[in-house]
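Listed below are the structures to be examined.
Two complexes are shown next, each including chain A; its partner changes from chain B in the first to chain C in the second.
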Partner chain A sequence: MSDESEDDLILADLPDDELVQQMFDDLYDGLKPEIEEAVHILLDRGWAPYDILTKALVGGMTIVGRDFRDGILFVPEVLLAAGAMKGGMAILKPLLAETGAPRVGKMVIGTVKGDIHDIGKNLVSMMMEGAGFEVVDIGINNAVEKYLAALETEKPDILGMSALLTTTMPYMKVVIDTMAAQGIRDEYIVLVGGAPLNEEFGRAIGADAYCRDAAVAVETAKSFMARKHNQMATA
Partner chain B sequence: MAGAAGRLTDSAPPARVLVVACGALAREITALQRAYGWDHLTLVCLPAILHNRPERIPSAVADTIAARRAGHDRVFVAYADCGTGGRLAALCDDLGATMIDAPHCYAFYEGAAAFRDHADEIDAFYLTDFLARQFDAFVWEPLGLDRHPRLRDMYFGHYTKLVYLAQTDDPALTARAADAADRLGLGFERRFTGFGELGDWIARA
Partner chain C sequence: MTDHLSRRLAETPVIMADGATGTTLFNMGLSSGDAPELWNVDHPDRIRALYRGAVDAGSDLFLTNSFGSNAARLRLHDAADRAFELSRVAAELGREIADTAGRDVIVAGSMGPTGDIMEPMGTLSHARAVEIFHEQAEGLKAGGADVLWVETISAAEEYRAAAEAARLAGMPWCGTMSFDTAGRTMMGLTAADMVAMVDRLPHPPLAFGANCGVGASDLLRTVLGFAAQGPDRPVIAKGNAGIPKYVDGHIHYDGTPDLMARYATLAADCGARIIGGCCGTTPEHLAAMRAALDAHTPGPRPSLDDITAALGGFSSASDGLDGADAPARTRRRGRSPRG
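Right after this comes the complex of A and B.
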């Protein structure tokens, strides 16, 4: 999507709709400084932080996610785009808290014991935050005790677990079984993800859903939250 | 390896075995085949780069078995799980084929017992001879590190060392593996494994 002729583009000269479109392109190309500049421009123009997040940043990352799913973009490009979005979110995050942006739900997320891979988890965390979830990331190599402590402390709606290795993914069942043994399994929505997983595995270990990628994780989480709210409304 | 030698001295002709193998094992299996005279094996290798998209391995194996199975008594799939999350094992069950019972090639090169001893070595990035030889094509470039070196720590920030599991004593390959460790910003350790349990698996095929 990059274009040599865009080198001289002055972002501040663009009207809002063209600037947002340009942000989509810059996210796609992983241009963090340009994204940060554009976020500041929109803030100066009076845009609400939540609108910048959802309409420009999440909108752009949705295109990135779609092209990743379709095999047009690959992991390196997605990471660069994520880095650019992270730059924009760092500016918006304190402002979102101040302006009382809507909160869809809360998630605790971490990579399971024995596994130090966190690229997928970090993408999910970022996209969940972009979608209005509060995310508590407990990092990598988490034993069941650490998950349980985070659930107790943070009281989230959702527990997310990630694993990249065939050898570590069975540990998700250890966590879910422990939750069941303690009688707290049904208090949480449990979402799992990672390259070697699939839907069948997710069902077999007793998760609520397997999420193929970050975009699916966001949609699945939103869908479960909506159901939860509906249940509460009809209870 | 005694099993293989025993089979070859039996009076009955050995069963014809189709071996569908990961291309990353081609050199090693060919060397074993030559060393032990395993003429009853038909070796068909799939592109090793499938490892970068493990979800595509089962269908590639299934297609190859369907195309090449005729004329063979048995099928052996010379893959470990290799990130397929059990899908390759399920496929082998369905097709009546056998495969290597291990999570990946690092495990059967080291041997199950030694690998278990290293179960807590979660911060090690492994290379084999194949990967030492093909580091740029299979690691550096697919991860985009040739174009975007700043991504290195996003991928490898939690690793502390590169462990080179050497199938052969080759100073040039050791130097390449050490160079890979340096480029990734990791410590370096070399462990000689030889072909580990690979020969036993093929002998039992």
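Right after this comes the complex of A and C.
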């Protein structure tokens, strides 16, 4: 911790627009207590929980996501930022449920069988929440049965699968093939990601898209959700 | 007493390492999601065949099938209590193949990452990581590995934990990281960062370098990044044979043996002294690399353009070392971040 005088900044003294800007900085720097404090201040000032989520938290995480995508920030910084965002989200979540705020979409996400790596998955999960999605994280080492059970229970719009190993990435195809065999493949948007993968691999195994990193996952998920809504509107 | 690898490094300019373990075992029928290390006990003949494939193709050094035989990874397969045993058997089988090779071959005990994120970002403590790696290291030592071979690491903290484990086991070691994110490791380390980190270790590796990552071109850019720092110890290059594609139900890497042969000689000219492949590198690739290295007359250090002309483009414009990074974000206020 620093004892520099700037740390004496009083969040409650800032007008709304400056406070939101400050939250962007604090998210970027991963300052969880400051984010929690600012969320409370905005609530006290009568902000709707949904506005705090979208204008302050999602806005701030968008900057983090962009810099992550561009190779300016790396995993440790993003984990800290996401941790700060989660602090704010924890306050807003019950309020959002009460106020019936609009839902961007829902995702079930998990790392495939044999793969213990959850760094990438956790990043996607946190960035998706940061973008306003509801995320159900089913953890690591998921056999196809666990994915199918989660789809059945959670009824998400999107299924996300992650693998970090050459030895586990083919398992994604096992899951997609099983979904197809049961006739449910087209009910979901299937996104895949993980270090050894690429777009061509994603296409070859029958996923809707390969997402290079968490920021791309959010952009891709949003564009698929927009298409889905358009289809429903014209249907 | 000088260890085996140090002796070879003193004798020969370039040591050729091996290729892929995972890709090769898949081709022998390993199912996706299953632990390759269980085969050390369940199908030792397949593991012998894996090792022999590298030796017969001309590798001077091969890695044991123990990448994931640590307690953190094996717990996925309800085998956390078998970390020592599976590591030991991996090295024993390796010893057997090396000792009957009819020439001098080094057995390197592979140690992959735990898969957990270390404190303070994650939950794995330094002490626990050291304990996990140490158990694996003792198994590899008991099985007769010549050197420990830590690979595919992305966090400096985890590399340091593995170094500490090697010290506790009283073993010489080598350690490579995977530079797969815009020329850096997933945790943001540049090639220069790694050289600085390695230099500060109390039990430094005999050699250090890069493995896996994204394709052969990127890997050589990283090797040039090491070389630019004038490192004190030999550099390892173990790149993937191109990028993975899904063909007829299995993973196929698109790099040809010819491409990997060019990669091997370029790696030598970039300054690497231990050269091998990683994912997708089959014995066929290794044989081509061996022939190319044997026929190679050392040349000047290649430029980035030489590398892309020979092997294809990079996955990112910058590797964080050319000063081309976007400027740091201008913050409204100078709150000092994270102490």
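Please note the rule applied: the second predicted complex is superposed on the first by the 230 of 235 C-alpha atoms of A that agree within 3 Å, B and C clash if a C-alpha of one lies under 4 Å from a C-alpha of the other, contacts with A are read in each partner's own complex, and residues count from 1 in each chain.
Methods note: a contact is a pair of C-beta atoms (placed from the backbone, for glycine too) under 8 Å apart; a residue touches a chain by one contact, two chains touch by 3 or more.
Worth saying up front: this structure is predicted, and the values here are computed from it rather than measured.
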Notebook entry, point to check: Mind checking chain B and chain C on superposed chain A, clash or fit?
Noted result: clash
Next item on the list: Examine A:L148 and indicate which partner it touches, taking first as chain B and second as chain C; both and neither are also allowed.
Entry: neither
Check: Of chain B and chain C, which one touches more residues of chain A?
Finding: C
Margin query: Touch test for A:V75: chain B only (first), chain C only (second), both, or neither?
Written below: both
Next item on the list: Pick one for A:I205: touches chain B only (first), chain C only (second), both, or neither.
Entry: second
Notebook entry, point to check: Taking the superposition as given, does A:G114 touch the first partner, chain B, the second, chain C, both, or neither?
Noted result: both
Check: Does chain B (first) or chain C (second) touch A:V136, or do both, or does neither?
Finding: neither
Notebook entry, point to check: Looking at the overlay, what does A:L31 touch: chain B (first), chain C (second), both, or neither?
Noted result: second
Notebook entry, point to check: Overlap of the chain B and chain C footprints on chain A, residue-wise?
Noted result: 74-77, 79-80, 114-119, 140-141, 165-167, 169, 195-198, 201
Next item on the list: Please give the residue numbers of chain A that touch chain C in the complex, ascending.
Entry: 1-2, 4, 6-7, 9, 18, 21-22, 25-26, 28-31, 34, 63, 67, 70-77, 79-80, 112-119, 140-141, 143, 164-171, 173-174, 195-198, 200-201, 204-205, 213
Check: Which chain A residues qualify as touching chain B in the complex?
Finding: 74-77, 79-80, 114-119, 140-141, 165-167, 169, 195-198, 201
Checklist line | Residue numbers on chain C that touch chain A, as the complex places them | finding: 20, 22-23, 25-26, 30, 32-36, 72-73, 76-77, 115-117, 121-122, 154, 178, 180-184, 186-188, 243-247, 249-251, 279-280, 316, 318, 320, 325-326, 328-329, 331-339
Note to self: For a test of understanding, state which residues of chain B touch chain A in their complex under the given definition.
What the structure shows: 54-55, 81, 83-87, 103-104, 119-120, 122-123, 142-145, 147-148, 151, 154-155, 158-159
